[in-house]
Amino acid sequence: MEILNISTSKREELIDITGRVKAVIKDVSEGIVFLYVPHTTAALTCNENADPSVKSDIIKKMSSLVPEKDNYKHMEGNSDAHVKTSLFGGGEFFIISGGGLMLGEWQGIYFAEFDGPRKRKVYCSIIKS
Amino acid sequence: MEILNISTSKREELIDITGRVKAVIKDVSEGIVFLYVPHTTAALTCNENADPSVKSDIIKKMSSLVPEKDNYKHMEGNSDAHVKTSLFGGGEFFIISGGGLMLGEWQGIYFAEFDGPRKRKVYCSIIKS
Amino acid sequence: MEILNISTSKREELIDITGRVKAVIKDVSEGIVFLYVPHTTAALTCNENADPSVKSDIIKKMSSLVPEKDNYKHMEGNSDAHVKTSLFGGGEFFIISGGGLMLGEWQGIYFAEFDGPRKRKVYCSIIKS
């Protein structure tokens, strides 16, 4: 298992980790790479890698659906981040074939920070097929 | 890796691909099948295969939560589809055991189109156990 | 494939199954465990295992986003549970390394009941690496 260390710089942001995942799988021909976030206020998502306004639209829409303040009982002030984490999910797999990551043309892999800035980790595990 | 080609006919719809996934795994006894959507405005979901009103309720509720028009910055008019894709997720796995797909009695596997009609693909990869 | 049997006691609740998943993987050194819910009104999620108010905040927020009554067409009165199931997802994987489950310090694995009380199942399948 390999670990990616990620430093986030805002409370909420999507950080492109596509290149780092490609580096992790570089010696694998066929298989699946499993990415896993061992945190409860951050997640993973795969979405558009071209127009950066897609990222800001996603962050903004999620904040309007699940606002930071909303009569939550949890006292740490980050219940919204916990809800968003359950909605996005912290585990994503990607197919490796022909020695490459089988992403779509417009896809990037994003670390979704919902309660930063923090030091974060992503676990990467590969099963060859 | 096998590819399913899917033609969608509406802007938003859930298309049952259960039979096509069963065809992909037909010679496998034990393992996991990984389904992956290489698009940023379409996803996968597993839900009820009996009453079709469940599908229309899901589509309608998602459209009320994430409306097509909502002061988005992205100019292509499909930011709602990007958000829904991150919420549903484009990767789903299913367990193969005893030579069959281990779905629940009421479960169907659906391709979730959020910005159609389009020509779409689903990648299918199997790891035997 | 192993099956966990779960009895839920409320309409909506998050039930910690972390210990049961650890028991399933106890003889495995390296690999991935795949958990799968064969139901259409229940899901899985991974979130905080410390303050129980995080669980109640998640349940409450999901009920305000997707209310039980909301002009749904499906006559069984549980369309909200179907939508929540698609949002959370019924399949989650976890990495096994060094003979243990690679969870974060604050993570627990939860069965998410959205239309209980019911008798439920979680399928568990392991692929060693």
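By written order: A, B and C. Residues from 1 in each chain.
One rule holds in what follows: contacts are C-beta pairs under 8 Å (C-beta built on N, C-alpha and C of every residue); 3 or more make two chains touch, one makes a residue touch a chain.
Quantities reported herein were computed from a predicted structural model and do not represent experimental measurements.
S.K.: Since subunit A and subunit B are copies of the same chain sequence, what is the angle of the rotation superposing the Cα atoms of one on the other, rounded to the nearest 5°?
M.R.: A turn of 120 degrees brings the C-alpha atoms of subunit A onto subunit B.
S.K.: Subunit C and subunit A are one sequence twice: same or different residues at the contact, by the over-half rule?
M.R.: different
S.K.: As a quick test, compute the distance in whole Å between the mean CA positions of subunit A and subunit C.
M.R.: Here the centre of subunit C sits 20 Å away from the centre of subunit A.
S.K.: Which parts of subunit A, given as residue numbers and ranges, touch two or more other chains?
M.R.: Those would be 65, 87, 89, 93, 127.
S.K.: Can you check the complex and tell me which residues of subunit B touch subunit C?
M.R.: 31-32, 45-48, 51, 53-54, 56-58, 61-62, 65, 87-89, 92-95, 97, 102-107, 127, 129
S.K.: Subunit C touches which residues of subunit A in the complex?
M.R.: 1, 34, 36-40, 65-66, 70, 72-76, 79, 82-83, 85-87, 89-91, 93, 123, 125-128
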